[in-house]
Structure formats: structure tokens, C-alpha cells
Amino acid sequence: MNMTMDMMKGAMSSSDMPMKDMDPAMMQECMEALSACMQACIMCADADAGEGAGMARCAGLCANCADMCDTMMRMMLRMNGWDMQVMMSMMQSTVMMARACSAECSMHAEMSEHCRMCAMACDQAVMAMEKMMGSMSEAMPMA
Amino acid sequence: MNMTMDMMKGAMSSSDMPMKDMDPAMMQECMEALSACMQACIMCADADAGEGAGMARCAGLCANCADMCDTMMRMMLRMNGWDMQVMMSMMQSTVMMARACSAECSMHAEMSEHCRMCAMACDQAVMAMEKMMGSMSEAMPMA
Amino acid sequence: MNMTMDMMKGAMSSSDMPMKDMDPAMMQECMEALSACMQACIMCADADAGEGAGMARCAGLCANCADMCDTMMRMMLRMNGWDMQVMMSMMQSTVMMARACSAECSMHAEMSEHCRMCAMACDQAVMAMEKMMGSMSEAMPMA
Amino acid sequence: MNMTMDMMKGAMSSSDMPMKDMDPAMMQECMEALSACMQACIMCADADAGEGAGMARCAGLCANCADMCDTMMRMMLRMNGWDMQVMMSMMQSTVMMARACSAECSMHAEMSEHCRMCAMACDQAVMAMEKMMGSMSEAMPMA
């Protein structure tokens, strides 16, 4: 994602947007974690589908988590669409989703390798988003 | 969306899922409003792109709103993926997004017909989601 | 989708774009069929996930078909992004996808109501896209 | 994307699916190129939106290209959904889309840094997909 980062730096430097003071490296790290989480969730949902009724909930949560991570990443990339309060709210929802997905996957991590790895990807996305939200809080005006 | 509603009724009747007591007609209404809002936002963002720097924020917010409505609708369709707290949080975020998009579009509604119609679609999505959240609140266990 | 149609008519009338001579009602019909197909495919993939190894392929094809229909509809809504050759190629691919999905779903239509209805939604999307492609062919310059 | 690759290897080794003989490293390279192209296109479309009527077509093509790359990547990740003919057709359409997007972006590459980089990302996605299609052709049964 070096090119992504170069493009983001260019867009951020030429703007007076709300996220102009944020660290591009931290934003890139967060987007990479979201991208990896989306990919792991799509593969996990796909694998679950062949594994019986006990995995139906895992498949549903993973499919939802993939779509939310995808949307969250797309929103971070659109400099003109940044609205701090909406971004914060969506990121909190995505954290909640990734936590629910990780909790479900962790329950079958011992018997299912794809669930074990998907839970890890979710956990990493949660950590990256929490770091990002800390930085966003500082950039937000007092309520 | 008659077929969508028939499929949802079938899935809901055969389940013991958290949303089994919700009104399928209300869910359908909400998904139709989300779908209409997504479509209006994509068209508005597309039209904005040719209209100069003053419309860049509108384009960004509309593109974000389209992605969030799309994801929200997809999540409502996945019976196995329903997690009441995640759904509630994501719906609150989507309401906040649609309100921000409507507020922006409303500022240029007089000179731009697509913004006027997009704001209407956002407002209708907000109303449908608020109705839906009222019903979800009742279905949620006490915290 | 009355608002969608009004917005499309507005955008088409004020443009010299390649699709300006196409029938908005036919375009709307095609987008509605794509939207219904996406929704049916998401619900079918979700239901498949709890039904064992025999339905894994159905779940995978339905999830893919949902994503392609979603993207095809988004592309039709972006007036500024129309490129006749790309649109034609993408629509042909989406027809092939919906046919493969319908063929798979039809194999278990008797025992699975969601597959029976998903196959119908795919067939209707195929018919609507074929009508649309006929009209696009006429609008394309000779190769 | 190391985790993605590990998950893909696991899924491919335990399957008798049509792509079981393909090189996971090549698949990963293709998915990374699609992901980078999607990100560049979203940023380019977002930046275009503020730059006047001359960039409207660029914004529309980039938004379409982002959605197609996203869908193509999702389809590659779903082992159970692989249908060689559909995958080949969708990849050909995505190549056509990325070429059209690159051609448009290249026209304003000198004055617009985001277009220059977006064109590069499109070109790299095209190359990775062409390599992938070569390998898929060999895996396909004779027609």
C-alpha cells in the first residue's frame, strides 16, 4: 500500500480537512488491518458454508464484518467525505462488529483453522481502529 | 420487493433468531428506503463530480452514505448474522450518516435538483430506520 | 424506485452521454431486477450456510452473484462513468454469473424454498439484462 | 497479506476445486493489485469531484473501477464460488474497465498527481490479472 500512502499524503497536505493533522502512517496501518480483516472474513464465511448448522452464525457474522470493514476503509479513503462525528460513530460500530465476529470465531478456533486466523484478523482490526479513534478524538472539537 | 419479503418471512418463521418477532413489512419498508437512498446517493455523487469545488464535500458524503446504506441493507438480509447490539449500533451510525448527507444536500437543493431528491431519500431512510430501531429496542433484552 | 427514475431522467436529459437515447423505464426495470436478485442471493447464501456441505457451492455462487449485481447496478446509476464497451462486457459477465447461480439453485429448488425463489430472481435479472443489452447494442457505434 | 495467503493455501489444499493447481503466490499478487487499484480509484474519484466538469468522466470511471476490483477480489477469495468460466469472464471485464480507467487518468496525469498514480495502479492490476488469466486458461477444460 505504498502508493495508497503516497496518494493519501498528497491529498491530506493540500487540504484543510478535519483529518489533516492525523498521522498518515497510522491511517495506512488502520486501512491495511481493515483490508486484511475483510479478506479473512470473506474466506471464513465461505469455508463455514460447508460445515453445517453450527457454523451458520459464524458465516453470517463474518459476511457482515467483511461488508462493514470494506465500507469503513472506503470512507477513510474519501478525504472530501470526512465528517468526524460520522467517522467516529461508524468506527465504533465496526469495532463492535469485529469484536462480535472475533468472539464467535474464537469459539471454534481449535477445530477450525480459518476461524482461528479470522479471529486474529478481527482482533488486529480492533486494535488499529482503537488507535485511530484515539487520534480522532484529539482532532475533534470539544462537544 | 415482494419476493424479498416472501423469502424473509420464510427465513424468519423457521428461526429462533432475535428478530423473529419483528414485523416483516416494517423490515421490508426499511430495506426499500435504504436501497432508494443508496441509489439516490450514487446518482447525486456522480452528478456532483462535474459541478466544481463547491460540490466536493457533497460528493464525498453521498458516496459514503451509499456504501453505508448498502452495507446496512445487506446486514438486515442475513438472518444468521443478526446481533442485536451490532445491528443497533450500525443503524445509529447509518442514521447519523444519512442526516449529515441530507443536511449537505439540502444546502444546494434549490439550485440542484439531484441534491433536493437525494436529501428526500436520505430523510425517508432516516425515518424508516428510526421506526425499525424502535421495534428493535423492544426486542432487545434488558441490559 | 420512482425517485430513482426521476433522477435518472433528469440526468439523462441534460447529457450528451452514450445512453441518452435509452429508455429510462427499461433501465429502471433492469436495475430493479438487479436489486431484487442481489437481495435474493444474499438471503439464499445466508440460509445455505446452515445446510451442510452440499450447499457450500450454492452459498459461494450466490455471494458472488450478489456482489456482481450490486456492482452492475451501481455502474448503471453513474451517468458520467458509462463506457458502452465496458458496460456491455460487465453485463455479459453478470448474465453468465446469474445463469450459473440459477442453474445451481434450480438443482435444489424442490427441497429448498429459498433456492427456488433465488433461481427465479436470477432468471428475471437475466431477462432484464438481455433486453437492456439489446438496446445498448443499437446505441453502440459500429466496430 | 500473509494471513490471507496462509488462509488461501489452507483452503486450496483441502479442496478438489477448479483452482487447486493454481499458484497461491500469483493469486495473492493479483488480489493485492486489485486491492491497491480499488484504493487508488476511490481516492482519485474523490479528488476529481472538486476539480470541475472536465474531471466528471474520470470520477465516474474510477468509481466504477473501484467497485469492479472490489467484487473481483471478493470472488477470488470465495473458494466455494469458483466457476472458471464466470471468473474468466468477470476478469476480462475488469481488465477492460481498468484499461478504460487508466486511459482516462493518463490524459490528465501531467497536471494531476492522483490521476498519474491511479493510472499506474490500474496498469498493475491489468498486468496481474493477465498473468492470472493465463494460468486460469491452462486449468480450464477444453471447450
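Details
Letters A, B, C and D mark the chains in the order given here, with residues in each chain numbered from 1 onward.
What we mean here is this: a contact is a pair of C-beta atoms (placed from the backbone, for glycine too) under 8 Å apart; a residue touches a chain by one contact, two chains touch by 3 or more.
What you see is a predicted model; the values in this text were computed from it and never measured.
With contact taken as defined at the outset, subunit A and subunit B are each touched by C, D. Of all chains, D has its CA centroid at the greatest distance from the CA centroid of subunit B.
Subunit B and subunit D have centres, each the mean of its CA atoms, that are 28 Å apart. One simple way to say how far apart two chains are is to compare their mean CA positions; for subunit C and subunit D this gives 20 Å. Residue positions 46, 49-50, 56, 59-60, 63, 70, 74, 78-81 of subunit B are each in touch with at least two other chains.
Contact residues on subunit A toward subunit B in their complex (touch as defined above): 56-57, 59-61, 63-64, 67-68, 70-71, 74-75, 78-83, 85-86, 89-90, 92-93, 96-97, 100.
Residues of subunit B that touch subunit C in their complex: 1, 3-4, 6-8, 10-11, 31, 35-36, 39-40, 42-44, 46-47, 49-50, 66, 70, 73-74, 77-81, 113-114, 117-118, 120-121.
Interface of subunit D with subunit B (complex): residues 45-46, 48-53, 55-56, 59-60, 63.
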